[in-house]
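Chain lettering (A, B and C) follows the sequence in which the chains are written, and residue indices restart at 1 in each chain.
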Amino acid sequence: MYPIIVFSVSGLLMLFLGLSVNKKSLLPYNLLFMLVGLASNFLDWNAPGLYFNGMLEISNPIILVQWVLIFAAILVSGISSRQFDDTHAYPAEYYAIMQFALVGALIMVSFQNLLMLFVGLEILSVGLYVLTGSDKRNLRGNEAAIKYFLMGSFATGIFLFGVAMFYGATGSFDISSGNSVANNLLEGKMFFWLGMVFIFIGLLFKISAAPFHFWTADVYQGAPTVFSAFMATIVKTAVIFALFRLAAYSFNLEYENWSKFLVIIIGLSMVIGNVTAVFQTNFKRVLAFSSISQAGFMLLSLIGLGAQSYGNLGFYSLSYALATISAFGVFLVISSNTIVEGRPSENINVFDGLFSRNPDLAIILLISMLSLAGIPLTSGFWSKFFVLNDAAAKGYFWILILGVLMSAVSLYYYFNPIRASFKKTDLGKIEISSLSKYTLYVCAALTILFGIAPNILRSLF
Amino acid sequence: MTFIALIPLFPLIGFLINGLGYGKISKTAVPWIGTGASLLSFVCVLLAYLNFKETAIIVNLFDWISIAGLNVGFSFQLDQLSIIMLFVITGVGTLIHLYSAGYMSHDEGYGKFFAYLNLFLFSMILLVLGGNYLMMFIGWEGVGLCSYLLIGFWNKNTDYANAARKAFIMNRIGDVGFLIGIFLILQNFGTLEYLEVFEKAKAFHVGDGIIVAITMALFVGAMGKSAQIPLFTWLPDAMAGPTPVSALIHAATMVTSGIYMIVRSNVLYTLSPFTLEFIAWIGLATALLGATIGLFQNDIKKVLAYSTVSQLGYMFLGLGVMAYSSGLFHVITHAFFKALLFLGAGSVIHAMSDDQDIRNMGGLWSKIKITAITFLVGTIAISGIPPFSGFFSKDEILAHVFEHNKIMWALGMLGSFMTAFYMFRLFFVTFKGSFRGTEEQKHHLHESPKSMTTPLIVLAVLSAIGGFIGFPEVFHLPHRLNEFLSPIFENSRLVNSSFGVVHISHNLELILMGASVLVAVISILFAYMVFGNGKNVPVADSEVVGLKKLVYNKYYIDELYNKVFVGPISAISFFFANVIDKKLIDKIVNSVGEGVNFSSKKIKELQVGVTGSYILFMTLGILLLVLYQFGPSLLSTFNLLQNK
Amino acid sequence: MHFLEIIKNLSLVQWAFYFLSILTLYGALGTILSKNPIHSVIYLVVTFFSISGIYIMLNAQFLAAVNVIVYAGAIMVLFLFVLMFLNLKEESTEMKTSPMLIAAVSTGLLLGLILIATIRKAEITRVNYNDFDPNTGLIETLGMVLYKNYMLPFELVSVLFLVAMSGAILLGKREKGESHF
């Protein structure tokens, strides 16, 4: 709960700093605020309970997830170094909005009241609509922002509709009241069920699960790369945990009911995400489709819904964030070094010869791709192993087979950048700012560390 | 105890030094580090073996994962089985490292190559030394990755890269089975540690459904890794990699990990006769298929590759009739002679200035004597002529098969007839007759350096005498391998009374032996009659006709797979990417490109149109979901209304 | 005949409700069907007013007032201003019977049908008139709930507004330089 306060205030401060401080020193301030937020979370440690009249729940597992969110935001800020140096960028506003969005994300993983969830969701979404269109000269970005806004509002509407029905059925916004209708007869539950399905759909849209994924590729491609990374990691983590809270606290007695449509959504996400990614030539679109399929995998832990699922999901979120941020980070550095027709190239061939241009980046890219594909000794393997084990525990073997098969398909496109990076080339070396370099090192090192000794992270949850 | 942890450590260190220091370490130091790491590892295995007493040693380095319902340790298990495998891996591995020092010396990625080789060795050691199924899987994936890296090592042309990717993806398909097997074990036994799983398995009855499911799933993994029907087509393609890689990974070690896995899980397999029967038939079919294709191949490495596929089939045939130790015996001898043959082929290719087509060779006997003689030893060994090693192991398998099923035995004999034929065909065409290559190649012909011939000689000696670790019972000489391995099969004996009981009389055994030697000799004579004079050379590709053409083109299996699997999948993917995804996008791209100032009415419509269609799709999704969810209960409402 | 009987027996409250509902729907349809954007806005005002009427019937006077002031007043005026500034001369959207439109309408109708069917099936607990607190929708009660129970979300909404505001300013700033794609 403290980081919520910290980021609300620091966002404002950031806006003011934009007036007085020069552009380049804004990033250190941003990192400082984020570290303060990270540290302030310690104050909540071992103080579980409901706060503010049952609006927020604080417990150690929740704090861990909040750490994951803040840590991912720090990493995203890290790779943003030097990206906002030119005159058309407004880093103060960007960072302020990022911090506000983080407030929304933090609320979404700890809400106890659907009203809080709605407020958190809106803070996060509105922030991202703006960030998507923040590069105003980029017409594709404008396009993406409008599209994201329109479709996001549509999804929010559906979500709200669901919340209203939830309220109608239970007479309360408290998430635990979902259980109060458990004993009602079929007729009495109809309202509740409809509300449940609509709430699910609204949130599934936000994590871009198929068939509600249509916006994803356009928006990832149009948004400035830093914010695509933000979207891929923080938004996804926040929303999946919001879904998990709802599944575990409001709808757990209806498991039979929602799990049967959720598995279909998972299957669709895996198939559409992976299969569509194969022929993409734009790297950001590849990552967008990869994020769709990863959303499918993450949702498996909802299907599992056992004592271990929360921790499994936490592990998945962090390892996915590490791999995705390092992929975006490496791509960001290279693409801003490869200007085609006046703007950074996003084609997958920017990776050509990366190994000879900057071996460190090539290795980081390799680790990140291996982790996304779920190859052992990277954390990505364990995260997939955990969630698949969850699904197996519930006896959903067909989705397990599909999941493993689709991860075999995913190798096809995850290996493309790797292959490209080992090509021979005579292009010059790539320079990289030391902050993003160290950020990427941290991502890669943690990916390997959690791959070799997953227990370090997993036993925390 | 400490030696055990050191075994995988040395290759890892070697990998880190050569990998991180790539480009910085001098070219003379690279092979020393790589080969040294492998040799030290071998020494550790030796020391561990000398300190080994009967019972399995478990070394738990740290808890890998320990949450409720899932406890897996990063543990090593040293027992008879892992010792044997380790000897093969580190021993043959060291020789191949040494060979590579000479073979790869002109390559610019020298350091990278040794780093990969060491990484492979590390993964392979994890695979066989791991104390639970997850460790095995880590090694399993690790060797797959190294194989990918090494096949695509010369990523100069896309064919090589595609071969590498094909290998990796086919392996991954097999891994689907393996992973599912692991999940099944975890769900049904609650643990993945070998000893606990096998202990609990004893409570099951023979033919239990769960055990059948587990063993079948695991076997799918073995099919992928050990190139069995239908997942075998990657192995011949994998020959795109450097020859030492083919020798180490695609002949001696990695491809045999499927056999290792089954021998390791022998209790489970013994409990499931259905799976065993399935394995036997798959193995037999693969053995015959590989052998027939091998008959007409003209690429020296392709012949050996199909021969490997076929020999792996024999090993599975052995496992399928519960002759686990015979299967493992063949793994060992095969590692010797097939590594020898591949390295010999490498030496030939080296001499031929990187030409692999045997139609351009001929008469090399006098030019590269050491290579030729060692190659002959390998050829005799694989053909099953006593007292060379291949005879003992293959004969043991066939004897067990005879006891199990006479038809299988007959087919197996047919396969071994073909084996001897295509191997001697290869030998005669390559080494006999007169040279058919270009003048330039002829001028360049030379024997390989010492670092390459030494491993050849060592392997030739091993191929010749390696069979003596397991004499047939009839000779009243000790079968050391069986005695040594006996504790591994303790549980199998307990769960299935029919395990390990031999009914064959000594006379019959002698007759069988004689028969197989006779078959081999006839086959060799036949090959000599056709190719011995060195004049009868395989014809050019275009002149191959009829049935022969079918076999020559590998029964068009690759083409079939492309049609049936790859084609539809890429078509779907293409549809998703280019029709659903791109068409819509291109529309906007083009229209925005036309009028950047946003004034055009058309753009506005299009933009709204696309967003609208996205929303339409989503609404459809919602509609279908709600229908799916509430359809049945809504239908009853509808009926209610009608009744009113 | 049955139908007429029902109409005859409607109470005054029911009359008011049906009138307002029909007006709301009329306004909503007018908003999306009229070709002139200014007409659309006016129709929307009608919708908001009639919804406010329904709020009053639900004993939510404060909400009704706020709805009129904020939506019908402020936001609609803003819309009108924007439309007049843009000075749209030509009819921007023509109604075409494209397959898209048919698909959209039919999907929407189908979804609506299903929802109606589902809600019909649902059992709704009715409010008991006798123990209903007449102060429920009044500003005092609302204030107590907002500032006591829902204090946190109420405060956090300010963060939402802040994001929206700074975002609007960020996007609204005129950008020099070339646009690119």
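As a convention for this text, contacts are C-beta pairs under 8 Å (C-beta built on N, C-alpha and C of every residue); 3 or more make two chains touch, one makes a residue touch a chain.
Worth saying up front: this structure is predicted, and the values here are computed from it rather than measured.
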Relative to chain B, chain with the most remote C-alpha centre: C
Most centrally placed chain - per-chain CA mean versus overall CA mean: A
Chain A and chain C, separation of their C-alpha mean positions in angstrom: 32
Where chain B and chain C are represented by their mean Cα positions, the distance between them in whole Å: 66
Centre distance in Å when chain A and chain B are each reduced to the mean of their C-alpha atoms: 38
Set of chain A residues in contact with two or more other chains: 139-140, 190, 194
Residues of chain C engaged with two or more neighbouring chains: 115, 118, 121, 179, 181
Sequence positions of chain B contacting 2 or more other chains: 592, 596, 620, 622, 626, 630, 633
Residue numbers on chain C that touch chain A, as the complex places them: 115, 118-119, 121-124, 148-153, 156-157, 159-160, 162-164, 166-171, 173, 175, 177-181
Interfacial residue positions of chain A with respect to chain C in the complex: 4, 8, 11-12, 15, 52-53, 55-56, 88, 90, 93, 96-97, 100-101, 103-104, 107, 113, 115-116, 119-120, 122-123, 126-127, 129-130, 133-134, 136-140, 145, 168-169, 185, 187-188, 190-191, 194, 341-343
Complex contacts: residues of chain B adjacent to chain C: 589, 592-593, 596, 601, 604-605, 609, 612-613, 616, 619-620, 622-623, 626-627, 630, 633-634, 637-638
Interfacial residue positions of chain C with respect to chain B in the complex: 90, 92-93, 100, 103-104, 107-108, 110-111, 114-115, 117-118, 120-121, 179, 181
Residues of chain B that touch chain A when the two form their complex: 22, 62-70, 137-138, 141-142, 145, 152, 155, 161, 165, 168-169, 172-173, 175-176, 179-180, 183-184, 186-187, 569-570, 572-574, 576-578, 580-581, 585, 588, 592, 596, 607, 610-611, 614-615, 617-618, 620-622, 625-626, 628-630, 633
